[in-house]
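All chains are identified by letter, namely A, B, C and D, in their written order; residue positions are counted from 1 within each chain.
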């Protein structure tokens, strides 16, 4: 692989830095608050795609539960902002609670009076949940398809929960804090360049952090576990431990996305915990290339950008096109656009690396090996 | 303050480039555009924000069509204040995230003066933050639970208190005092049921059961199991959408008799009865301000005109469409009144339209349901609720219409919260709170 | 002194007895061959030693300590390396990275998060690369190696662990004659410095490397001794009668 | 919200009735999951478009009944054939290239479901459609605490028939032996001259056909709209996985989940019942990832 510049680490870092610099400079060209806000939304989606790329592309854990971390953080942030609006004396509880006969603020809401504690919970609760859920799954050596289905079921459970616990969550209507987020005596207007930069900063720092991590020995071992967990185990690695750490990291990334989302949208509802949304995130990562963090970002920007612009033009056939793109990517570009670039750059360097992508089959290939032998 | 904040960020994020652009705003809003919302000699732009694709499109597509129909009608009759109206139609794709994206496009990029949109409370709440932050004006043209007191939303559908006032006494009188409440599991049905309970108490009725199904849920057997145990005199339904159709179909299959225990619904309109099949709908009751079969010249003109137009492909008119149709005329009168106040069309702002909209009236000559007007305090609509019974052709026969207009009261069951006035919620302690969501 | 000792080891699946009252011990520095027809319980034994399966009764001692309750990774860290019957390598990684993962002494995820360096150039690392003959293939993707190379890579990975005991499950399966020869050279060079247990079918290979052979049959010990003793054992002959025999 | 509003107190007769209703829920869960069990079990294909197959079955019944005028009972086998044909095309076009990549089939069939939903919406419009229930099913069984509508009874009977037919095909015919052989070991089966690809095609067709029959009945019971499939897919998958991806397991797990759902919704409400159920399933899968009935999986 020496010849292919795609695998050159210096080149990779250069491209990553250039991409984030370009994102940070975009407000120069797009001064419109609408465009900035839209781009900030894409950054949030990109961050979600990065979290999937990390957990699926690098660690081989297909999590359909990223929406859980996103949604929990989004609820945490919305609750923080809602309580900033409430007044302890004259208006101590959000008005939707009245529908449900609540007369005092429920216990789960009380900590959100304090913005710092609210923020800690916003990031902490989803991460801790992912640690616990991860321990639950990986200690039992759940793998492959079963991870997908368990995370799917868990997402459905949380959706029902957010939906049903109306005294605490306002149910389907969701929570829309009337005022933007206040911090350090400033109001973060969702349509300002500042809010955009907050999102870009989260995306850049977390992506670069993940990128660095995947280049350390930790990242190497995580990828080794993806290829053959049992082999890694017999080399002395505690596979479940590694998987829980990666899973929790991806949860933290998704939680950060949830935080940014409510910052720039000022609204959360159970749709943030929907299965459809959760699978969409995986699709963005798949389109861009799950084994490349930058690829995942590009995938998220591309699909959502097309949805915003092409989707309006082609309205009725748009979903047909979207479906066809997904099928096409899965069939012909299993490593997404990033894999395509890898192939093209490989051609330029004179050596073509064959595409192998059967690692995600896990058990199936193990069985085949055995019977072939 | 501003400078120091800027300097800080400059170092942290993007260096000298910021200075190069002179980007003036970081965490604070863009200063308001100096440009007027409506330019002389141009067209008046309004936003139309409904879902044209996805599962909400069933209802909201009709809403889009009827807004366009009303705008065409207005333009053909000389426009608003002599200016043509230009609708900016966007598609929210039945996705709550897209509602919030599209409203910001309409307000910030397209700079429409007002927006018509939404069918679900969730979408209204998703657009509310920016509508309020930018002091915009949003017309929410359908049934609504109340309990909000904002300064930027005008509602032209019935509030929960307007629904129950006639329906509950009528049902109790004709079928008996015991009622079983079935609703979709979200806030509007719950608020509506609370209002219903208030009226039940007044007429001596009694709730024998209350159940909620998930949105989109279609399994009613467990609930009908309880209904059979309780033997209510009638069912009060606030089940919406697809679930509503499943409710009626399964009611029939379970062998309930419509003359013994009918369903009194706030939602089952002409679209739903068509989709559930004639035998499932017939005999049940609906409370609404409008039915397609209403007999008056204005409605005749509306039904014929709409169905014959290029927008009338759906084949029916129903209460939600009519309320949407009204909202466009409420807006038209609002702009004209604001112009009279401001003197110059370029001076007119969304908030100005809202502030003058109190007491605006849509008369018999335009409103298919008859004269309605906007409440000057809470900016909901005064209307005459009517009760219709579904016939075997899926159309409704109006069997009772209120004699007097019924006023909207968003805080009807929360008097302790205060009173909603034009400038905000007047709380019991004397303070006024704006933007109460 | 025996490095590994199996005492009355029994493994029962549902109704099927895979290993029954099996006693077995290996001394430090020895190369032991484990023979037996299919289903004799050889691989099950290796699974039991490495913790992949739990024994029904009995005890397994490694350097005097009971290890049969430990999880796989702890057993591996004590110094037991294992090569699988079906080669198990990290297909998507390069050969170099495969060896790196095996070589790493640090097993804790958080400690590894701070480590960027690679081990290439360290004496022991380079020696093993040399030994298994993969020096020219270091930058290749492991999934693209030939079958023989894959086997050597896995042997190399197990050696990188620097274990006190190596368990080799059919290391020459699927190899050409030349490759088998080269493998036996590797094994012979390991003799003395390492303790090895080799499960094999290929008698020519066993002849090349074996000191003492243990023969299993139906989950029990059938015979133990030198190549010559085993070859003359009537019970062994009987078991192998009809198959190719022990020649 | 007071506790009393949330929890329905226990009473014997309604509770017994809830158990009876559970049987009706079981039949629906089972019918929805049956095709999926066959497809996933035999081919390892995670068919996220299964809900859309059910939806297509419902729409084909709608077309046959409303537009052509074919009686309801005859619509069932016809829906089976139509969906089997659609399944065949999809298997050839998309699924075939994805064997051995189960996670990729998940994504591809997800894309497929988008296409199917939007396609139906384009053709039939988004508004709910209507499948009539034949008049001979308009009866109720009523005795003591038992109460069952004719259509429910019919669906329960059909569930039993569909399971019986599938069982017969799998365990009493040569074709079934081939299917099971391929299920256990594709290479081995191939060496006995079984054309695995053909078996896969047939299996997929059969699974899709079952979804078609399911759709016909759900259309009559509930509402037809393009998104209706999404409401079945998660439950169906849970039934399959909890059951251990085999016929008997699915019957058992559908029974368990259906009854539990009915009991939970009796005590609380339907939404909360779903939450409890899903969480239970996750915990169950952690303890027994191989499902209710399957043997513990052997690893390499």
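Quick note on the criterion: a contact is a pair of C-beta atoms (placed from the backbone, for glycine too) under 8 Å apart; a residue touches a chain by one contact, two chains touch by 3 or more.
Computed from a prediction, not measured in an experiment: that's the story for all the values here.
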| item | value |
| --- | --- |
| Length of the shortest touching-chain route, subunit B through to subunit C | 2 |
| Pair with more cross-chain C-beta pairs in contact, given B-D and A-B | A-B |
| Chain closest to the middle [Cα centroid of all protein chains] | A |
| CA centroid of subunit A to CA centroid of subunit B, Å | 34 |
| Euclidean distance of C-alpha centroids - subunit A vs subunit C, Å | 42 |
| Intercentroid distance (Cα basis), subunit D paired with subunit A, Å | 31 |
| Subunit C, residues touching no fewer than two other chains | 52, 84, 86, 88 |
| Junction residues of subunit D, two or more chains touched | 118, 121, 269, 271, 274, 299-300 |
| Set of subunit B residues in contact with two or more other chains | 53, 185, 214 |
| Footprint of subunit A on subunit D - complex, ascending | 1-2, 44, 46, 48, 94, 97-98, 100-104, 106-108, 110-115, 117-119, 121-122, 185-188, 230, 234, 237-238, 241, 269, 271-272, 274-275, 278-279, 281-283, 285-287, 289, 297, 299-300 |
| Interfacial residue positions of subunit A with respect to subunit C in the complex | 1-2, 213, 215-218, 220-221, 223-224, 226-228, 230-239, 241-242, 245, 353-354, 356, 359, 366, 369-370, 373 |
| Of subunit D, residues touching subunit B in the complex | 5, 8, 13-14, 17-18, 21, 24-25, 28, 118, 121, 126-130, 132-133, 137-140, 142, 147, 149-152, 221-223, 225-228, 231, 262, 265-266, 269-271, 274 |
| Subunit B - residues contacting subunit A, complex | 5, 9, 13-14, 17, 20-21, 23, 25-30, 52-53, 90-91, 93, 95-97, 100-101, 104-105, 107-109, 120-122, 125-126, 128-130, 132-133, 145, 147-148, 185-187, 190-191, 194, 214-215, 414, 417, 427, 429, 431, 433, 435-437 |
| Interface residues, subunit B side, partner subunit D - complex | 53-55, 57-58, 61, 185, 210-214, 216-219, 221-222, 225-226, 228-229, 242-243, 245-246, 249-250, 252-255, 271-272, 274-277, 314 |
